[in-house]
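Both complexes shown next keep chain A, but they swap its partner, so chain B is in the first and chain C is in the second.
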Partner chain A sequence: MIGLKKIWAFRKGKWALGIISFFLVIALFADFIANEKPIYCKYNGEIYFPVLHEYGEGLGLLGNYEFLNNKSWQELQLEEAIFPIIKFSSGNIDQNSSAYSRPSSSFENGFQTKKHWLGSDSIGRDVAAGIVQGTRKTLSIAFFAMLISCLIGFVFGVLSGFFGDRSVRMNLWAFIGLMFFIILIWFQWSYNHWSFGLALIATFVLISAVFFLSPRLGGRQFYLPLDLIIMRMIEVFKSVPALFILLALLAIISKPNIFTLIVIIGILRWSTIARVLRAELLRLKENKFITSAKAIGSTDKQIIVNHLLPNALPSLLTVIAFGFAGTILLEASISFLGIGLSAEEVTWGSILSEARNNFSAWWLAVFPGAAIFLMVVACNYLGDTLNEINLRSN
Partner chain B sequence: MLSILQLIESPGEVKGGSAIYCDQDQCTDLLSLSEKQIASYRGNKIGMIYQQALAAFNPVQKIGRQLTEAIKTHNAKSAENKNHLRNLLSKVEIKNPDRVIDSYSHQLSGGQLQRCMIAMAIINSPNILIADEPTTGLDVITQKSVLQLLHSLKSKLNMSMIFISHDLGVIAEMADSVVVMKDGVIVERGKTLDIFANPKSNYTKALLLARPNITSKSKRLPTFDDLENDVDINSDLFKPIELQSILERQKVLLNNSNLLEVRDLSKSYVVEKGLFGKPSSQVQAVKNINLDLKCGEVLGIVGESGSGKSTLASLILNLESADKGSVSFKGQNIFLLDKKEMRTLRKDIQIIFQDVGGALDPKMKTSSSIDIALRIHYPSMDKKQRRDKIISLLKQVGLTEKHVDRYPHELSGGERQRVCIARAISLQPQLLVCDECVSALDVSVQAQILNLLLDLRDDLDLSMIFISHDLSVINFMCDRILIMKSGKIVEQGYPQDILQNPQEEYTRKLLAAIPSF
Partner chain C sequence: MLSYFVKRILLFFPSIFLIGAFTFLLFNATPTDSVASLLRLDGFEEKVISEKLYKSQYKKIASELGLDLPKFYFAFVPRYYPDTLHRIIDKQERKQIVDLLSHHNDWAAVSSFIYQGEVRLQSTETKETKKLITDLLWVVKPDDLDTKLISAMGTLTSPEVSTFLDQAQIVSQQKTSWFIFPKFLWFGTSNQYHAWISNFFSGSLGRSVQDGRPVWGKISKALGWTLSLVVLGLSFTILISVPLGIWSARNGNSRMVRLLSNFFYFIYAMPLFWFATLMVVFFTTAHYGNWTNIFPGVGINPYAGDESTVSKILANANQLILPVFCIVLNSIAYLSSIVRNSIIAESNQAYKTTALLKGLTEKATFWKHLFPNALLPLVTIIVGAVPASLAGSLIIEVIFNIPGIGRLMFDSIFGNDWYVIFSIVMLVGVVTVISYLIGDLLYSYLNPRIRFDQAKKV
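Coming up: the complex of A and B.
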């Protein structure tokens, strides 16, 4: 594993780690940085921690504060209070503030002074709060989408790089039968309205059953050209621009939420990881330590887990870092087009898209744009650094 | 040596000193010259040839073009003249220069490439030729012809030569005077004959003594450490063994049962495939090999590179599948075993490779490399037992507890090979296959490893198949020898018979090519 210390030794690595950890802190403590509720307050002689209480409510452990009575905290006469730096939540439309207020314009709502540090949008939502809360969404979408694409990429990379064209033997008739039934299942799905999940599970069960049984069947065997199949599959996949697939998929799904978005982006990005892993495995497989591992009786699984993956990891990390940057950009661009998450969910891209409606509100373009820029540059710097470390250690 | 021509790469640098080049009363310090000035010396007055000829040529340019390029930089006029090129190549005794001119580097053999590199170095008849291990990658027969070529060129062109080598036999053949270096310091210098007859420093003595002898066989080889620790090198341990006791051992072995039987083993590799995937050209790496190995015997397999020795080894271990034939271990045909049975059997047959750098996972500490082997075959051992076992194994192969938590790049070549051996014997195998396991090590480390292997043979009752291209090493290690050439067994028998009285032409050629002192 490449240590953080090694990354810190590079100029680009310092920038990358700095920016990424800055955004990570923001994402983790978003509720404490931008919130309309006070972090700590004293009301009628009692001490409250409304932000922490919110977590309790979210988990269903704690009830509402009854005295609030649908009023906001900021309308109460608090004896003592510590508010977050940004006194807005991202989604909340502030009735008191006007739309398109300039950065660092402040106003009184009768109880206290509030400030739009980075201005507000067309319906009076605070940009700073949006960016802070959006950080969490952007990072988690990118992280989980990469996790999904890593899992898919690992499976296909190992299948094509390690097993390749000449190690999986199959009964010819079992293979032909398999193909027939798979086509049958998907025919049922498209014409007889089987559910998508059922079809997927049936395919998976069928494939694993055939893989399990067919070596035991004997009969006419042939080598299943896994590498060939997977590589051609990736080429077909790659020949369609990712954004078009994304648009098509989002058009099918009626109400995209954060999870569907994660899954879709994850499915789009696995091919690079699979390719790099395949190339690495092909190179590593020729090493004598793999032959040694075979000679001491390691199973294929042990060879992959103990020897191949740890040695392939440095190059994979580079790809993952670049992929992270790509995912953030992809998410921002679909939010910008307004087809991703629903309008209430504020992300960097959705704030940016507001700028299309009013060109004079430059802050709507500059600040979320800068956040995207910084994050993408940081990821690319991280990728560069990892690549450099990898090259030097070879 | 690179420092003389200012070819040291950053971060290395020359820390003072001087290298003075004298040409007809005119002396210059090469180290004080600027980059531009030194360029006129490189290749022009001082030529250089390297160890890896294949790496020294540009793989995407034809040899002829690269040679022309070299001529051009020093002498523009004659460059375009193809005859000039042909003369040059015939000077280095290349038989069909036209073919070589039109070839890429990967199409030529190691010997031919080495000749081309020599041709490049002598284009401008330099006064000094620096040869950095020029024959190390070559087999003995090619080595001999390259050495002869260098010898004749030296006298023809009246050059001086700096010949760098780890092989004392080669040095003895080539050099007039010798400088012995260790850890960057000159240990000893003198006339070749003096040094070989009467070495002064312990290191030189060790180098000379540690090389196994082709004519006689001793119980152990003396090492540098033996000399440093004042072990009596005249004791019986290091004296040649009487022929009588060799014969006795061979007789005992003859009555043992067969551990391994190889019958009709063949393997070929497809080089080229036709349009529909039918192989159109293939190389027969192993051809109808039959051999028996007795329990407790050490069988030597000799042959030049490409003779199929390593393929034979990986077939015996079932690491590759054979085309034809069978390998029986204790009467059981291992090609008929299923995956699970084969994995259990792997415990009994172990292998050590030549490539000491590649045989250990670079991301694994010594302890986990061995630990994995133990975990597979002794699942009942707990963590502490395994750790104790690893330490005792490392001690058995001459390493200490401090090597347990080191990564391969923190170990020297000899230490890595010891770790490989420790891993192999951790499974208590009955058969150990050593595939050129000492050829990448220098002579004194080689002696240590060979001693260790012989000790293990006696302690653990190991049978061994010992593959090497070095006949003297084979003579030291083995009870019986097979000589292989292009996939076939050419000759087999006892070392004392084959080495003293070879029957086959090829064996005689192999023996004659060994440099000796």
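Coming up: the complex of A and C.
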């Protein structure tokens, strides 16, 4: 297992860990870093924690502050207050703020002086607040999309690398019958009143029954060419032009939210993980410790979970790190093209795309792009480091 | 060798089949009605012309597009389905019939119910009766049919309606079974998928919903721009990075090499869309100093109309400088480091020592023996780079307003022009498959030590 200490020993690893944890902190505490509400304040002799209160409102536990009366916190004369570093909420348009304010320009709003640390965009939204909230979106999209591709890649990688072409054996007629009945079951789901769950349970029962009975039937046995089928699938997915397909898919959905984006990106990117896991398993399977494990009677599950996966993990982590960078880039490019999330959702890519509307607003081009760049480089550095550690230990 | 070639080429067809199926599947999931948009382009606005004329025009356009054909070569449908359900073009109407059929599993009853209803609608005069009959015919939930029927029976008492009401009575009763047996329908090659693939390869891709021009004409015009971007980008990258790679392999430890390779690595690590945006923002206007407008602004010069694409591209050569510059600078680091590593790897081979011992000069050894071998991996990498550079070209075209296929796809997405979008997706998919095919064939031809079957097992 690769510890953080090992990564820290490399120069690139230090950079990677530093930058990634920096963005992670920003993503986790985004509401405390960029918010138009004060973190702590004293008003009419009472103490409030408006940012924390916001979480309560979000969960439906707490009601709104009644004394606010649709006014913003800036319009109140607070006795004491601690505001976040960036006094803006992402996406909210501050009325007194002007469009295309230069970085670190400030203006008066009510009783507060507010400062656009990184400037503002075409409708006066704060760039710094957008980047802070965008961090959360970008990281969560990349994380969950990678999780989905890992799950799919894991299943297919194990099926093709561990089981391969010559270990799943069954009676030929049982197989043909199985296929026939599975089609019949799903036919009932699509045309008759069978529910999805019923069809799923029926399929599962059928498959387990056939796998249980088939070796006992004798007759003509044949091997299910799992490896062949999955390799063909990987080849097709490799030749899919990801950006073009993604754009076409998003155009069909027309109003994608974060969830659909995660699912689509996750499904588009599983093939690399499956390919690497397959290669690793094929390599590891030849080792003596696997033969010994088989000799003492370990089950397939024990061999995969206890022996193969821990050994395949370092290479997998390398691919995941590079895949993370790729996912961030893909998400940023579609937001940049304006086809990803809806226009109100501020992301790194969407802020960057605004730079094309006004060439004199250099801050719109530099800062969000730098965030994407840093994150991508950090992931690539992490991948390089993991790869290096891997090579040295072998 | 030959058997491998044949095997690899045979693999090409299932890939095309699957990519075609994938795009076709997506194409069928599109939310907007292309036929209605095409009708609007032809001047047939719904509600302006009579409903009858609109319907007949709709049918005409839809059958031109082949929408009245079955979707695929074959289908499994429930036993009680009619064989020609696909001929009903209107999605709403088809769904209605399917809903009725799944409520009452008998095509004879359902069809005679609909037929009787249509006959009544043609012949009855009063609006009230018409409305009642339409309500029954186009009932939203077939389960509500019986309650609606009871209320309608009070008003509809004339003897002519009674046959219709009898049919309605039959259909309103639920007739379902716990298990439905499918039947197999074979349609042959007259189906939408077959038409989609064969139209794609014969170039008749239909009309654009935005301006009514043929899709293939739009794509072929845009293709010139994209090809010039990709070809110029790739050739300049090769012209610069091969000498750079050789130079850095020979002077591996000099400070200049390290500085330059670090610089190119930095540019390479920058996302292309960020780098291009920065170049556009800082170097096309005079906002940031007197000299910063060294490149012309984005977009291409207006032209008179029917010039050929080649002459348009030549007339806009200076507009292409910056986009090509961005593409080239962004990919130099990758290619030159491959050249460098490959040369270093080859110079550790025994044949280099042999050549030197034979009495060849250092120079002759390098150019005659090392160099050709070192360029071997480059061939596949360049062929494999074509799909990636198409994706890169999309972003560059959007940023620089160049009317290539990427820009065309981008604009078509906002105009819901599905025929254009999926023709482009299909085109890019086919180009990708072909370039991987060429890459594999070239690689095994140039490097016979590696066989496909061995490569597969690694």
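Just a few scattered comments:
By our rule, the second predicted complex is superposed on the first by the 342 of 394 C-alpha atoms of A that agree within 3 Å, B and C clash if a C-alpha of one lies under 4 Å from a C-alpha of the other, contacts with A are read in each partner's own complex, and residues count from 1 in each chain.
Here is the rule we go by: contacts are C-beta pairs under 8 Å (C-beta built on N, C-alpha and C of every residue); 3 or more make two chains touch, one makes a residue touch a chain.
Worth saying up front: this structure is predicted, and the values here are computed from it rather than measured.
With both structures placed on the common chain, the touch criterion links A:235 to chain C but leaves chain B unconnected. When both complexes are overlaid on chain A, the residue A:254 reaches chain C alone and has no touch with chain B.
When the two complexes are overlaid on their common chain A, residue A:369 makes contact with chain C while staying clear of chain B. Number of chain A residues touched is higher for C, counting chain B against chain C.
Once the two complexes are laid over each other on the shared chain, residue contacts for A:288 go to chain B alone; chain C is not touched.
After overlaying the two complexes on the shared chain, residue contacts for A:336 are found with chain C alone; chain B is out of touch.
In the overlay built on the shared chain, the residue A:299 is in contact with chain B alone; chain C does not reach it. In the superposed pair of complexes, A:183 makes contact with chain C only, with no contact to chain B.
In the superposition on chain A, contact of A:221 is made with neither chain B nor chain C. Within the complex, the chain B residues that touch chain A are 314, 317, 319, 343-344, 346-347, 349-351, 353, 355, 358-364, 372-373, 376-377, 420, 423, 427. Residues 183-184, 187-188, 191-193, 231-232, 235-236, 238-245, 247-249, 251-252, 254, 279, 282, 329, 332-333, 336-337, 339, 352, 355-356, 359-360, 362, 365-366, 369, 372-373, 376-377, 380 of chain A touch chain C in their complex. Per the touch definition, chain C reaches chain A in the complex via residues 11, 14-15, 18-19, 22-23, 26, 29-31, 76-78, 102, 176-180, 182, 269-271, 273-274, 277-278, 280-282, 284-285, 287-288, 387, 390-391, 394-395, 398-399, 409-410, 413, 416, 421-422, 424-425, 428-429, 432-433, 436, 456-458.
Residues of chain A that touch chain B in their complex: 287-289, 291-299, 302, 306-307, 310-311.
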